[in-house]
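Each structure below is given as structure tokens.
You will see subunit A twice below: alongside subunit B first, and alongside subunit C after that.
Coming up: the complex of A and B.
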């Protein structure tokens, strides 16, 4: 019961958001004279043969891995109350640098891959670190600086790609870096299909899936179980209280942004190590922005982000089949967009419900105590019940805003 | 505005429906339930027109719930609200305002960066051609200010005003909306004695003009001074009404809590010679180089409570921040047990044995959206029982939270309850328990009993006394003069960043102390 109550709002909000998004998208489609039911049918149709179906599953998983990492990168900063909008620039710059370094060296297999990954993480972390340094030394809002740095990062990335790192011949339609040698490729996981007795699809399931899972677990442990994670979350919940508790807020900003950036550096790795083996002009873009949506939908928890990433990947997969079936592919964009909007609204609704139920949770057992040993003293326990209510009432009326106003007033006075 | 019908003050309870002088406000059998709890039960409140009617009760007794009912913030489950003898139903505060009810909140709802004029008219601006009509607003505010002796200056920024002035702006806001009945929620909580007297003067003006004031408080002396009649609420229901002229404070207190009123008293000195903390010429300046704390010298010994009295905003908060390491000192040194800790981080100071009860527990003391056990860890992230190496010890933190809840009488369902669900008193007891559990050498207690009920106040006082007896040094900043006088071994007065007087708490009276706090008295001897 308690688990249900605690999970209730957490699960409810995203599910509600998805349902609302589907309904809205259906209405939009209907308005555009597209039959929503048939569109949804195409979206869930994974093919007829087992091989086709498994291919679809692999496509979804392969897309989900970078989305998951992007969501994590955003969420790490989010949990501290920082908006890292710069994930896009961070991973693009990191990937082009890692691709160039990877192509320039020849090392034994695992080391080669490790080097590429470390370079990517380092580059993205440094790029995110700029945001942190600007914030703690100059008070620049991380939202502004990370957005601006996106443009610079993308500019630098295309300069590097077309200039120093160019590996493709002159006049090629797609410019790319030199290809990473085989030792720097990450093998696929298709072996598991055989082990599970499933059809082995022609497409490779990214080996980076395992890395992503490890990173996800690592982040979950770091945030939930360590002192560092506690400091980080405390700062996110109340910077002033965290500071009074001894958290060095500036240091936390730097550390958190470095961590967020390092995770962002991994976003390009599944594609780079598992499929393209080079950074190209048509390398997957937009993952950093989708990551914000994924983190929102997943409510910043690693498990939630994994589910959200799978959903977004599932939607992404439908792009091609929809086009084949002569339906507008923008349907997917509409659904993703409405999910984001709906999630923002429903998160707020869920937060209020959670707050309210917490207050009730606070008040109700006090009443039980009052009835239980009402004979012990003159009104002591009953007072407890009334005390609980006082708080409950106060909160319900104003929700979150009340607290912030109060805090402001008290600092002002 | 014609003056409303008035009943002579001191007249025995007017019968409901007697017709001659309908009551300004009458609540009949108000019951308000929240899931699992009854916040108000069969509340009866009769307020005559033109009187100051006090509603007293402990924190959490249901005063706020009742006033929210009257102000239309929620609807009662049972009972009737009658205004001037007519039953009314409020769907929102807007309805209540339209019916002539105004609320002055305890925490001011003012925009600091707007002028008095802009704050007062906000939401019901006089306009001319779609633009704010400053002249009309200024005229109406001047009129209000004259009529009720509020002394408002329309064009001053609210951020430049003192607490008393801000409160008058709040009152003007309500009057501007033609309120005939004012609800004042704990209006004296933030005021010093002199400002309280000024407020009472304003209330007398309001009364003279035929307005009705409902005055929420738990400060019984003040209530007796200002109120024409008193309704006492305990455990969500009215336990009776009292005439302030024939009822003693003690009788009122007994009605209110149903028990003896605690008083802070530490008379036998436990001061030991070893200093715990020494401040040497500590100066804190703001961004413009103005000294907020000005060359403060101060020593707290083991087993000593050093009280800092002062009108809020005279540098006490900055002094506390400087000792906690939350704000850099411009010059001077902070010595903890003889060691210079001026350059130490807050965490290092905490680890070296500094406990902290912040003045604003929501801002600095708690993570409201986190469970109690996580709040147990806050401020103690580097020490057992909450952590093991780099990891959080969830089990240990939960167990220790349960212990604190038991030992310090924190009333909550369990360690997993969110802190926001607790009443102010219980939150404060959790903070006190948490800080005490680390056995600090020095405890910085800023307004440790602010906004907590009498019961919790008494137990917090006892905890501080016990800790003092065991040799803890306590730096106590408070606005509660009785608390300062009762608990302190040494009492300093802070005015404009300086310690201007050192007084003997055994002989000083609250009035004298108030004089020093406002600068009316000085140590030179001018009384």
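Coming up: the complex of A and C.
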């Protein structure tokens, strides 16, 4: 019971959101005289043959990897109370630069890939850094500046693609950068299927999946287990309190945005290294904005974001079979939209439940025992810690775990 | 104050995220074809972003398929891509995998993926509207259905130049891609052929790589309004779904506009907007698709090459609904004759 109460708000909110979204979508479908049960059956049907099923799994995973990275990039900033809306521009600019650099050099395999990835991370981090510098020096809201920088980034990316980085012949209908030589490609992971005794689908599973997992674990450890992570979350809760207890909050803004940007730079890498090998006029766009939804649904915890990314990828895959089965594809759009809305609402509901149970249980800080990465802690004493003075934040390292909840609630508020 | 700012920020973030979710994929539903007699013909149609119901390009393809089904029987399954169109390859693979034949992809954006899919399914016949087989690596089972947009646009430019009273016309492009630049090149050449000293404003709604320009009437209206305010009295648009904004700007300025792809005088509902549409540059996607399916049924598809629909084949041309260009028809016919006979070679790049 106690475990349930502790985990309650954390798990409850996203699950509730998904359930509400499914119910609303079912009602909409019923109103449109479409049988919701059969639609859901089509959505979970991955095909008849093992090869078809594995292809579907690969499609979902390949889509989930960039979504996960996008969610992570947004979440890192969210945890500190910063809204990095600029992820979109950061990854597009990073990908075009990385593609151009990758095509221009020839290096032995792993080094070549590493160079491309490092360039992407650096470019995106610098672009995000502009937002941070504007914020700490001039007090410009990061929401406004990052949105504006999106437009500039897209413009620059377009200029670079059509101008200096153009690699496609004149008159080709799709403009692209020069192709990255083979040493800069990242091999797929399909060999793993053979080892596990599964069918080998024609589609390649992105090797970048492994990198994404490493990055996810790294971010979880960084946020939950390090001094930097604690400072980040504390600053997110109360910049003044954090500053009073010795955290350089301006420095934290810059560092956090650089980190968020560096992760954002990775978003385009799965596609670039695993499939397209060039940046083109129709390179996948909009992932930065989808990342905001994914981060919201995952409540800014790496595990939650991974699950949210898988859910969005699963919904996305269902588009094609639904249309082949003559069902409206807008069902998926409705579900995705209602999930985002429901998450925002249910986060607030969960916060109130947590607050009420805290009031009932009295101000017992012990109840707020920390969980794993600190991102899934309950909210019982959250307000107490946040309202507290600098001493309140600095008292114990453990307090950090309590405070994170508040950060999440604020983002969801 | 601080809390307020935060709430605002969250709302902003949320709405952006929602917008990202809810974007383009408008009425991307699919419906079963009208093939009552259920012939063996199972046509697979894969749309570009915008999907069915755009009253323009995608709908023209549907009209072609419907006409073909009426004649030959059969059914059609229509697929729209996801919001960011990252699953184009999946659409084609699924269609080929499920036994649809022929499979028709609508839009040049399929060039990148259709080559691979065509090679994976050598027994399936593919066609791509607006796509050159050379861009897809010349697979032998792919036919490119391409149009001489520059020729039709030349006539549109000539019509604008003959009709302008300000000696000043404009062009609004959706996205600055090579395809839309063909429209621009033809239009400017046509206008200059009539009046060498004419001023032609050219502006694109979004740069290459940002496809929002095809679906953003508000920005199209701002761009076109700027041209009318700057002295232009006729503006031609090649901006897909954004074009309605150009008509709105024309109506607001009491000037005229030229539509694109389909006969927009017929497809626009608002009578106030109808009145400003002087003519439209027709791009007969429907004819091309219908012809292709007919050839497939008769077993006459060669494959591995482009079929060019130009002025000589009536693949492009000007619409006459509304009667606003009736008085200059003889001059336009003259230009058309000069193009088809080769006396005038219309440039394809600006």
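Here are some notes:
As a working rule, the second predicted complex is superposed on the first by the 352 of 413 C-alpha atoms of A that agree within 3 Å, B and C clash if a C-alpha of one lies under 4 Å from a C-alpha of the other, contacts with A are read in each partner's own complex, and residues count from 1 in each chain.
One rule holds in what follows: a residue touches a chain if its C-beta (ideal position, glycine included) is under 8 Å from a C-beta of that chain, and two chains touch if they have at least 3 such contacts.
A quick note: this is a predicted structure, and the numbers were derived from the prediction, not measured.
In the superposed model, A:243 makes contact with subunit B only, not with subunit C.
Contact with neither subunit B nor subunit C is seen for A:115 once the two complexes are overlaid on the shared chain. Legend: residue contacts after superposition of the two complexes on their common chain; A:22 is shown touching neither subunit B nor subunit C. By the touch criterion stated above, A:152 is placed in contact with neither subunit B nor subunit C. Once chain A of one complex is fitted onto chain A of the other, the partner contacts of A:230 are limited to subunit B, with no touch recorded for subunit C. In the superposed pair of complexes, A:198 makes contact with neither subunit B nor subunit C. Shared interface residues of subunit A (contacting subunit B in one complex, subunit C in the other): 410-413. Note for the complex: subunit C touches subunit A at residues 5-7, 9-10, 12-14, 16-23, 25, 27-32, 77-87, 90-91, 94-95, 97-98, 108-109, 111-112, 120, 130-132, 135, 176-179, 207-211, 348-349.
Subunit B meets subunit A in the complex at residues 34-39, 58-62, 64-65, 68, 73-74, 107-110, 112, 159, 163, 166, 190, 234-236, 258-259, 312-313, 324, 326, 345-351, 356, 358, 360, 362-370, 374, 377-382, 387, 390-392, 394, 411-414, 416-418, 420-426, 453, 455.
Only residues 2, 224-231, 233-234, 237-238, 240-248, 355, 358-367, 369, 378-380, 382-397, 403, 405-413 of subunit A touch subunit B when the two sit together in their complex. The touching residues of subunit A, counted against subunit C in their complex, run 52, 59, 63, 81, 83, 85, 92, 141, 143, 147, 154-155, 157-159, 161-162, 170-175, 202, 271, 276, 280-287, 289-290, 292-293, 296, 316-317, 319-321, 323-324, 326-330, 332-333, 336-337, 340-341, 344, 410-413.
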